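Look for chain A in each of the two complexes below; its partner is chain B in the first and chain C in the second.
Up next, the complex of A and B:
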């Protein structure tokens, strides 16, 4: 099987632990995205897989072969760098062929065929004789991807390949990368800090924080059933609102209160056990709506018209929250809004560990959320 | 039109600000240069107290003198050897320094300290280390390789010793610039090479040298100038142009004519020839490298 497996991978730089016990399994042909904020260890993880860094502890397997101590060139991986890493004095074609002889055992004819094929796929036939300085950022990145393609590796490793492109080009290249993967089906590990990129590209997405993997799941499941408070706040644009409150039960009914505000939870019996009586309630901005006499009251501090919605930030109790209102809603700064939340889209997290205690969608059976998949994993911070 | 173009009401203010620099340049650069050019058309006596206009006689005398023409040939050969040698050795040392990970600072200091040594001191030290009869280098060279070394009397040996000394003296300078250029190579290019398993030698020739080319062009020019002018102290201390004029480079011949034989006119003519030669070479080097260097 052509995949990547890491076992308890650890990387320390002096007294900083960049990667702290990562167990990752990228399946054959899968496009797995590793996403997280700056400094979470995602790039270091990728570099450990490429062999550009050596792990402090743990093992790396690529295609069922232990490559923990193998040199980068013996791992049959091709990497695409954030800054493209093209040789500035070589033409696009030379950039693609340089090192190909060392890295692979293609004949000269095969090399020409492969270049032509890759150039065709990436639509860069006309650019092959130009040097990088005569190419735009998007074209340079195509050449860099082409360089990886012609090597026909077991695994593609991509380190924020779209980060240096402007927003519009990034969206375009994102779609092209998805198409490319659908066509080639090469196992790919893709690192990004952009959760939109992660959600749109990944067959599965691994969310990383502070050197540890928080959750690995298909994009929709990450959104619907985040396993930690961090994942809830990180995934989504904007992320989930989280508010510390008190959970009060009365029989099977329960509600979370903070200040004057209160939300009732359906099927509170499904809440996992936790210590103390304080919990973190999570609700996404798009699951809040305006309703006369609703249980929450928000004093508006900022409005951001996004065109398709009006993102409104305000204070509920003493906690900042965001709500996504219909476009052109008549809302001004200083207004007090009455809000209610979709009862099927509520989440609870442990206030100490951040672990998910409850997703209301799973208890009442919703068409939006799928049941949890067995191979997700969690490590709490 | 930029705002800054209207900072001064007239150009007078601007020239006034430039005046101190202009005065210094004219007094210490252009005036002496023009004086040298003027002197080259005169025969001088008594340290230039008495002069007589002789037209191009100094130049014709030089260009028909076998000693001088030999000196020109020697100088060009010397410059070629020193430039190639100091660049090649410097590159090798800089590359090794770039690749090594432990004790980098210690190696760097070891590589560049000869440059920090004054040429006069270096020449004196080398004279004794390589002395034909008491030098420790000479002793072991003779013991290990069974050669007879006497560079005080054998012409080519004297030439070789001075050339090696000149190369050795210049390595540190080259290493500093080359190492700076190597450190400017983006780390991701090194990583791309590692992923492809590019061999060390190929990495140097195909990746590093092209990327260093602007620095290398600069060093070729600086080393050429050094080889023509900077070797004077070494020759004066170690061989005084000997043996049998084998190290009588143009700059040394010029010095002798000017200060030993007090023939300032002839020496000025040699200055002009030397200047034209080096300026021409530098011009050619810059033109040629424009085509190959990647800026």
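Up next, the complex of A and C:
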């Protein structure tokens, strides 16, 4: 049984294609996070699943049932909105029971039990008789989640539910959501533009860009083996450095050069075929280290002490790159650093399509056993 | 205007005597301002006060211009308009008309506004502008065709004819529409996902969320309906079905020896004023809210 399946889902508004052929497969009980930059079509995808928009093309299945044309209330989904969408004139309890009474046929006693249970899980027992205006943002969000919980739906749909909270509360609620899901095991599709949230919450993460899914994979695999240049640059904080260079092979050895800089690739035979000789090399800031006489030289332009590391930005060849140095490194703006990269952590992307050509790490990701075809393929066009 | 602002205002006055006009009460030295205010209030209220004074006077007392004290008739004029001239039935008819108009107008406008805001249909904006366009044709402008229509329907002299033309209201639709548009989409969507139907949404969400707007509109509509004169005069011919504003006209023809009994008329006028006044006083809060005047 599957949680949610979409087949070639397309949604066009007058002149924009918000969702452009999305194939999603959320397994039953899975927590899948849909992440991407603003305007990439995440909310639209979610609203298509909820039935709040009707697709231009494609099909939606929830719990093995085709619901493409079903009305929102017939889909057995509960949605949590970014702005909570609590009714301002109702108490928390009334907010939680209002939809419950129409969406389900619980008896009055059963309703009370469910409210009490959800309130217990979310720790809002004392707040049930207050109206939203007498609740803090975090408390309102709990009530909104509680409202979805009591419905006991087939699927939770959440659209950036934490983005109106302050940073500290967001981290706390994030942990609580993860706990909640571990307990309830309800299929959840969670939309966010915050990649940290995506990585920490998701069993798998789907990265979306410009209406298309770029890659769906477990968080670690997304980080270790991004399938497109976009995913590489989007995931990680900061994202991967990418630089255009020339790939030169000599026998089994190969290296990428740009300007005076050059990095050699181990086992270059694994590079997938591509057109031309220019490629995009990717290397994460945390995989670069300072080394006397290293192959790269960076002229420092900005330093950002983050406490646990010193993020240093500079120019290598003609390209901006970032490197994460140990904290309290003696680096000043204008210095020229000698850098080297961890040879096990290099990536190549096609310069035209952005598709990954090569990851130097031999074994990638923690979930190498993941069925690779069904849910990881999606390349840019 | 709380007490502490008063303190600071007084404090400020010590440094800068007489240069600041204080917005608080009870500030010594501002008596000229207060005198002016009291004077203008008296001036504006004078017709009302005079009407009240006259309603207690006998006919000769009314005609004595210099006599502006409480008259010797006391409440006799009030008793008389009720007992002899059927004021009670006029007021009752007006009350029925006003309530029917108010309830029907609000109900129709609510439904129209819901359709205009929450449903998608073709020519939605055109229809809305058509509704706004009707603002240019108030009832008095349409009296002749309306009367012909009522006659053709056989409705003349009935409550239907009295109230029907007032039920549709562009103003109410407009105000409710603007108010509904300020309700976040996500509330509507949340209701959709939960399977809450449109009528239940209207009743349990929209109406409670628009309580202030609806009571404000109701007061305005009630007073407006209560004050109608021309249309009832034309469409209702039975005196016992007539409304209070026209009933007042009947009082004018009463009187001895060619002298209009102003005492009687003023008693009727004061009575006629009371229900709208009560409505205004009772609902002043939501009324101010409706027009965004409350602080």
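Following the convention adopted for this analysis, the second predicted complex is superposed on the first by the 366 of 381 C-alpha atoms of A that agree within 3 Å, B and C clash if a C-alpha of one lies under 4 Å from a C-alpha of the other, contacts with A are read in each partner's own complex, and residues count from 1 in each chain.
Criterion: a contact is a pair of C-beta atoms (placed from the backbone, for glycine too) under 8 Å apart; a residue touches a chain by one contact, two chains touch by 3 or more.
Here the structure is a predicted model, which means the values were calculated and not measured.
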Clash or fit, chain B versus chain C on superposed chain A: clash
Touched partner set for A:52, first chain B, second chain C, both or neither: both
Touching partner for A:98 - first (chain B), second (chain C), both, neither: both
Which of chain B and chain C A:107 touches, first, second, both or neither: neither
Which of chain B and chain C A:87 touches, first, second, both or neither: both
Which of chain B and chain C A:78 touches, first, second, both or neither: both
Which superposed partner A:38 touches (first chain B, second chain C, both, neither): neither
Residues on chain A lying within both footprints (that of chain B and that of chain C): 50-52, 71-74, 77-79, 81-85, 87-89, 98-100, 102-103
Chain A-facing residues of chain C, complex: 184, 186-187, 189-197, 200, 204-205, 208-209, 211
Of chain B, residues touching chain A in the complex: 186, 188-189, 191-199, 202, 206-207, 210-211, 213, 294
Of chain A, residues touching chain B in the complex: 50-52, 71-74, 77-79, 81-85, 87-89, 98-100, 102-103
Residue ranges of chain A in contact with chain C within the complex: 47, 50-52, 71-75, 77-79, 81-85, 87-89, 98-100, 102-103, 151
